[in-house]
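The structure appears below as structure tokens.
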């Protein structure tokens, strides 16, 4: 794989993670369990969207074929989206929404912190902004994990169910393959495996305070990085792409 | 009576009334009704626009729409807080909304069917709201007036954004122009209705004027809106769907055709295209969020108890 | 309006009714409350799809621009779909699904019967087939209306809620406008107003047996015949059109 | 012992065993397990294909897909009925499925990600199923054998339909061909796994053979499937994703590469891509349908009571 192609794929994976998770949170806008939380989730959705846009814009530049953020975000086939599976899972109940976001934020905090030392200037700049944002995402979702875990019997049970349903999608975040490895050799990437320990510590300590425990993970699901998704993604895309597909080539 | 006269004197002197000031019960009630209705409108107003978040046609527009809806939620929050200063709780207000006892702006009972509607809602609906709200920035009740100042700033931003969506469409393909015209056709009359019917000699309205809760009549505000908006439509190259609309040189303003007040009352009374849907959605959200709110409360109580116990142990 | 254009619009409205309602029922395939009912609803969905296809094919012929059933079904804009609003409403719970289908079938039974006397041969042929199918739809849904209305307290309450939610969408079925009137003058159409009495009798008698009553209808919702829909239709279309929009101009 | 010998004699004479015939407990249990597992597979198998109903790319394909899934539900019904003749109720079988005690074919734990997957499921999954089912048409248990005859007919229709979807794609655009190849890549190995691992000297399997519940070994059926399918792939111009696949002139059949039985066991044990999703969906359907089933039961009871009362009154 040529170096540019590696960087392009690396950026696209990261951009897709942010876009798809932002889209999922966007579905909830107006439907939060409290007005305050509605605003908070929308805030996170907006942060993720901002990160996605910066990453797509840069990916388009690297690719050098003149594709802009919208062409990259909206005009690919389902099998060409490279997001981690956890980002495309349905919102479920509020416990699932929170656990999904908590798992991702606990990964993104060290990820963006390490990315601030990337050899790539643009990635460093994106990381500097994202680091601050994602620190808030982690804080906010941790508080909810604790509240719900140590709240009522019902909220505790729902959190257990959410952890149980989602833990098998966390392994993928730490995977490497030839793209990541080439990116690491080039010096601009973060080694996800090196973040596993911190992720585990973050998760364990928050769950402990929440009187919850992380279920045995067993086999981890994977595939997103190669475009092998769950059956959910296609439905997400049918809405996401609706306007761009229906009215090709227009400005909005 | 002396109290009422003194109160009126303060109002006439353009002094702001603050939460702890004495105030007539009617003044308090009128404000609670108006502010909570305004807050509810912000909350229900999130639904038609929310309908387009997942389908917004570009990332930039999607982000702007998310931010806009978030602002509306924020406005709801300020306004609920402003109402709370008058001695009503958010729970009570929510209960009134869900039971149908409290109203919200009828415009949100119209559906957002196409992307152009998102533009039209920003341009016309927020535009009409601003006409009302600018006047309210000088409302005699301090917390409401201050909330309005902040809200107005954001609303004008939204209005410009909505108008900009339509500019883009009107500079676009034939389908896009048609989509823009269609949105104007559907949102024009309901936007005019947002100002409410002519008040005539309504006692209610006169009292609001006297108390400086309201500073302009519905018709005056509507005319101001029309005068500001028609040139904007012309700039877009769109046709306002009112064959009787024409410029009156003498009054330096537009005359407009008759508004269908039957439609207005029908929608107010619950028979608009989306009334039931909006309330059903809101009730569903409340119902599905109940366990979360209970859990948060239970946790807060546990935590407070633990802290109290820790304090006792430390003593 | 030219005569052909009138017939085209008349056919399109009818075709869209059938397509959209079939699509809604299709969402339930595999998710019925019992296996037998799953098959029955899928059956109805299939019947409606068959009717839609015959109607689109004929509409394409009448239009004379070479559009086939798929181009008509998949490649129009949201505001160009002309189905009655009741056909696009979400499935809701099983009570709502059944009431929606019952209301429509109670209309379609006399509609197709009268259409068997149309001056248009193709419409007569479509009607002959549809009449038999829709008789089953009405019988099947009537049985459920009775079972659920006269079942448990819960099912009775759910039926009341469904009736209350849906009755305001029934008036549109009986509306006429210049298209219907021109079609009536041309002799191939059925006057929906003439079916209102029979519809009312059917509904009343089934509801009576079900220990239910039709709520006061009040204001009736309308708009579908002119492409003014509920906010639901756009989401239905984003799935319906997904493949045709994503891969334009291919055979499948 | 005499009974067992007599039973075996009947089997050996190719007589069909019928519901009221005496049969060994092991025979009954094996059949219940196998038939209910088969029925569950039909029911769970509706899910991956159901995922594409709303998005099928043409009306003709949408109708065919609806009809196909409906057939699968119908097969589920016959099979549950066949199992019921052995003295197990549908409720018990459903309970076993939902609790995870009963299995279903692991192939349905793979997702249907593209439209080509609908073709591949018909061609490969139904194709593999038919290999098994044709053999079962001669199964010693009458009701099962007869259900299989009917099912086989419909399944071959489905298989041809699936293959025809792929023919269309392979005659289509580059994207379509790629989509077809991708589907074959993903479904090839899981389809081979559908026949189960080599039985070796499995006692269980030998007993089934003896009882003529099973008539061919897993490996034999798999080889038959491969021999039938590889030329079809070649006709489509698709490449079977097995670099070790080659024609063996001597045995007049294909040799194939190693099957990843670790993956097979992992998916059987619940860690496939969709196991949890499939069960969650099924449980949700059961839960949400509960009130309907209760109402139907309550109504049937009321009606029976009324009729009984009417009879009494008439006497």
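As written, the chains take the letters A, B, C and D, and residue 1 is the first residue of each chain.
Heads up, the rule we're going with is that a residue touches a chain if its C-beta (ideal position, glycine included) is under 8 Å from a C-beta of that chain, and two chains touch if they have at least 3 such contacts.
Predicted model, so just to flag it, every value in this text is computed and none were measured.
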Return the chains common to the contact lists of subunit A and subunit D. C
For the interfaces A-B and B-C, which has the higher count of C-beta pairs in contact? A-B
Looking at CA centres, what chain is most distant from subunit C? A
Averaging only over C-alpha atoms, locate the centres of subunit A and subunit C and give their separation in whole Å. 41
With chain centres taken as the means of their Cα atoms, state the distance from subunit B to subunit D in Å. 57
At what distance in angstrom does the C-alpha mean of subunit C lie from that of subunit B? 37
Of all residues in subunit C, which are in touch with two or more distinct other chains? 77, 234, 238-239, 242
For subunit B, write out the residues touching at least two other chains, lowest number first. 55, 175
Pairwise chain contacts under the document criterion: A-B, A-C, A-D, B-C, C-D
Subunit A contact footprint on subunit D (complex, rising order): 48, 51, 55, 111-114, 175, 179, 182, 186, 266, 271, 273-274, 276-277, 280
As the complex stands, subunit A meets subunit D at residues 77-79, 165, 168, 218-219, 221, 223, 228-231, 233-234, 238
Note: in the complex, subunit A contacts subunit C through residues 77, 234-235, 237-239, 241-242, 245-246, 248
Considering the complex alone, what residue numbers of subunit B touch subunit A? 43, 46-47, 50, 53-63, 66-67, 69-70, 73-74, 76-77, 80, 115, 165, 168-169, 171-173, 175-176, 281, 285, 288-289, 291-296, 298-299, 302
Touching subunit B in the complex: which residues of subunit A? 19, 23, 26-27, 29-39, 42-43, 45-46, 49-50, 52-53, 56, 69-70, 73-74, 93-94, 146-148, 150-152, 154-155, 158, 239-240, 242-244, 247, 250-252
